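First chain written, first letter: the chains are A, B, C, D and E, and each begins at residue 1.
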Amino acid sequence: MSEAVSTHAGPATAGRPQSTQGPQIQRQFVNFAFYKLDPEFRRLSAEEKQRAREEFISLHSQAHPGMICLSYSTAGLRPDCDFLLWRISLSADDFQAQTARINKSRLGGFLTTPWSFVSMTKRSMYIDKVDPFHTAESRTHIIPGKRKFLFVYPFVKTREWYLLPLERRQELMDGHIKIGNEFPSVKLNTTYSFGLDDQEFVVAFETEELRDFLDLVMKLRETESSKYTHRDTPIFTCIQLPMQKILDQLF
Amino acid sequence: MSEAVSTHAGPATAGRPQSTQGPQIQRQFVNFAFYKLDPEFRRLSAEEKQRAREEFISLHSQAHPGMICLSYSTAGLRPDCDFLLWRISLSADDFQAQTARINKSRLGGFLTTPWSFVSMTKRSMYIDKVDPFHTAESRTHIIPGKRKFLFVYPFVKTREWYLLPLERRQELMDGHIKIGNEFPSVKLNTTYSFGLDDQEFVVAFETEELRDFLDLVMKLRETESSKYTHRDTPIFTCIQLPMQKILDQLF
Amino acid sequence: MSEAVSTHAGPATAGRPQSTQGPQIQRQFVNFAFYKLDPEFRRLSAEEKQRAREEFISLHSQAHPGMICLSYSTAGLRPDCDFLLWRISLSADDFQAQTARINKSRLGGFLTTPWSFVSMTKRSMYIDKVDPFHTAESRTHIIPGKRKFLFVYPFVKTREWYLLPLERRQELMDGHIKIGNEFPSVKLNTTYSFGLDDQEFVVAFETEELRDFLDLVMKLRETESSKYTHRDTPIFTCIQLPMQKILDQLF
Amino acid sequence: MSEAVSTHAGPATAGRPQSTQGPQIQRQFVNFAFYKLDPEFRRLSAEEKQRAREEFISLHSQAHPGMICLSYSTAGLRPDCDFLLWRISLSADDFQAQTARINKSRLGGFLTTPWSFVSMTKRSMYIDKVDPFHTAESRTHIIPGKRKFLFVYPFVKTREWYLLPLERRQELMDGHIKIGNEFPSVKLNTTYSFGLDDQEFVVAFETEELRDFLDLVMKLRETESSKYTHRDTPIFTCIQLPMQKILDQLF
Amino acid sequence: MSEAVSTHAGPATAGRPQSTQGPQIQRQFVNFAFYKLDPEFRRLSAEEKQRAREEFISLHSQAHPGMICLSYSTAGLRPDCDFLLWRISLSADDFQAQTARINKSRLGGFLTTPWSFVSMTKRSMYIDKVDPFHTAESRTHIIPGKRKFLFVYPFVKTREWYLLPLERRQELMDGHIKIGNEFPSVKLNTTYSFGLDDQEFVVAFETEELRDFLDLVMKLRETESSKYTHRDTPIFTCIQLPMQKILDQLF
């Protein structure tokens, strides 16, 4: 990386990049965008607030073809954000398009984004529950947003981890997975951020029972793989809610 | 965690999650929500401030069925916040409901939340002193808010701690507890945040005598368990006060 | 700490806490409250500024019975604050009372508190130079605020320090104190924050000659005790000034 | 460094500095300036926004003789910035001149710069694709901005790295470069910031395929050189867009 | 430090402090004050801006007897500040006096100070180029501000450094200085902050050729003394400019 020189940019690489892997696998982009409402918005007149509310709910309810977008509230749980948009798409452009719509809205003049994480799946793993055509595939794919609670955090392993032999890493992961299997109520899914964002992974867990996740994480502390964790914060506890209800909490 | 794949979301886990533990124990959610008043509020007219004050006191005095909510001032002690709401409930939804009411209030347009910590008890351990039905149980439960001073901090242990044999950890905790017992005036209680928030524990101490807590913590530094502390800040010194008195301090 | 359970709150501890130490020693609370003026205040009319100035000087000059309150300027020295109130009292309530008065003032609508440190003395060590009754005791007590310069910083030692045998620590401190004695112009005093605030100590040095303190600290770097320092920043260089002169610097 | 004394400034060095290296090589300055639009701008009238938009697009389209300036959007991807200006020039003065023009614009009253990185090339390595005179040289030079995606991050190696023997470092870099060559679709180029900015390098990667970069970085984690990384964040995923389209996303 | 008790303040130290060193050497105070203009200022009318500009230029051009004050622009180079005042004086009071004048100016209502570093020289090392009386002394003193570029950073060494034997430290510094001598175009000077500010040193380099400094710092990475660096950021690249030109860049 650091020794790279400009001659890397030769004619050989001028054309369309060639993947070193076999046939292209559909991979999905994932974005966890956390929003915070500026308290100043609350000082506006009831009428102004109502107009902003209606416009934003309408904006949010519009279908984003090819993009899954789920809404969660973090109000009263996290100090630094109010709600989360969990976005999944085949193209990062879709995140930009929706962000543009939010930016142009009335509420957009009072929203900030304290956190946002970008990642990719290894293959298409999410499907849309409102897509009429998903059937057979659904068994091996995740339909996100089917549980009340979502736990999200960026994850970075120590560099020592990556220098362990592959078999040793598998061994450590086996111990980790064994404990995960004791908590079938917790659905875990992992996305990859290497080079795209500050973390290596964005991990998201869905469950109906908050306490199960707490107990799982507590138990995982005692696995040996745990000592290869470099960073696993901030951790966001999110509650799935329709946008209408989220805005009802905020103003 | 990081190796999890989407097939975890199979039909086997589609139903209601099953806990791996025995009969369900009532566990409580705890939230330490720290608020800061925007100094800009102080520039408003005396009348506007008075209306905001009355509305907020009325809002705060409303009973939140099933939720304990205690108020503490940190004014003049912490630079980054003004007061704390210590909330305890059987459901995290209650925190959201009360937060929504605050957000809709006049004062809500000038409040920010520099810190907020979410945690759970291992079992129901708090009861409400204003609940007419608590009697026998009270002996083994905590009635929070009965002392003038509250000390709160998030707590993270080193990963080495969790890899010690259980007996060794018990041994170290015994030394720790022994010193705690020398300070009977300090009531300590621990809640758990693994996976729910950035810390592993939120620790809260209640006492009538500030100096006793200082001496206790100083003495605990010399225990061997102390070296397994990864993070134990920020530390909040809080003084219990009715909301009316807190607002009298703030504007 | 982390293993504490709710049964700690039994009837045995319900009464007035009993100290494990002998007869109660008078101990003082100390607060170093750093204030910053919002630049927006400077845009107000000359008249508005004058009124705020007069009100604040009057407020500050009022006697706070039982509380020592000294003012220092950090303008032009620290980027993150403008002045310091060094407050000493037998009760933390006094800090809250004075903070309330500041919050209610005109200037209070434009003041923020980037830093504030709370601590305690081991025994009463400060006395008030304007208190007519201090005489004999003065010889063993500090009359704070008698030098032009004050250096303040929060201080945290490594956990390794506390696990050294007491004799070893004494030995290391002896080397430290020996160097301190070479600089008699620097008056040092230490207060304790264990459990009350993020640091373990708040250290304050008073001197007439800035350079003496610089040379002292530089020389202390070479003592062995120096390697047990975990954190000793931020460091504040403060110049004692009456509030009138401080405000003259600020707007 | 720390022992340097003022006598270094003698007559011998008073004249024009003499490089210790052979003939002067043309080296380019590089600046990655990240901008954020204050949400308050969105509250302005449609007309005011339109005027600011036109002015800024016109300003941006003006040729900056001798300076390459490319625009990228980070909207919807990074929480802390909205767009990037990638600037390359023979003189740092050009960055100041363009910054002055931005500062004087209407939009400039609402733009902040959360991040900005300054660096230099080892020799002239970038050329301008709109410069009519570039031909033969183009083969060994980079024409920046020819791919859709740009990944930028500041990079700091551990001090241990620099104390390894040169041959050992070359060996480690060989392993690193070997993997880079497996991803010909990713064009990498490195610039140097030692002493000019907080990082040692600013690394920029261009590609048409986001996933290729993700896979490359993930694979590089397993090289031994990886453990000499001290810091490689924040990482910015940027999408090349004309300024007009960027502003369309922002308001 | 931490074991200090109040009896240190006895009659023996009540008088004027006595330095432990021989005859007093004139030592200078140094302040690097970095300013940022609030973008909101740019939204003012052209007339208001013009008045603020004229007032500030006039204020800045006034002689500060005994104080050297040089101005540098960081616009377009650092994201967190716009300009630097490099101030040198025999008394810290002079920094406060000039800061007071800035605070009272129109522009002062829109200026913040993201960074400010205070330090001292070991002896008087700077002289004023506009002082008519400097002649013979000039050969051993620095006339600051004679080069286009200034590089400033706070510097903290590891505590291990200070516990090395003096001869070993000298040896390591010799290797360091040897490389410095290969770059005669770079004038380096070191000031001391121990106990006065968060860093141990503030290091300032002046040069006409940016690239020489880059190459020097890069080469110094390979010296053994480099591994005793604990912190050497933030690093500021500054361009000397008269205040008039700096303001022309800012609005």
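Note that a residue touches a chain if its C-beta (ideal position, glycine included) is under 8 Å from a C-beta of that chain, and two chains touch if they have at least 3 such contacts.
Quick caveat, the model's predicted, so the values are computed rather than measured.
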item: Cα superposition of subunit A on its sequence copy subunit D - rotation in ° rounded to nearest 5; value: 70
item: Interchain centroid distance [CA atoms averaged], subunit A/subunit E, Å; value: 44
item: Distance between chain centroids, defined by C-alpha means - subunit C, subunit E (Å); value: 27
item: Touching two or more other chains - residue numbers and ranges from subunit C; value: 200
item: Chain-level touch network, classified as line, ring, star, complete or other; value: ring
item: Chain ring listed from subunit C, with subunit E in second place; value: C, E, D, A, B
item: Contact set on subunit B toward subunit C in their complex; value: 39-43, 73, 75-80, 121-122, 125-126, 139-143, 151, 155, 157, 173, 176-177, 180, 182-190, 200-201, 203, 205, 207-218, 220-222, 224, 226-227, 229, 233-235, 237, 239, 248-251
item: Complex contact set, residues of subunit E against subunit C; value: 1-13, 16-21, 27, 29, 31, 33-34, 38, 92-93, 95-96, 98-100, 103-104, 108-116, 118, 120, 159-160, 162-163, 192-198, 200
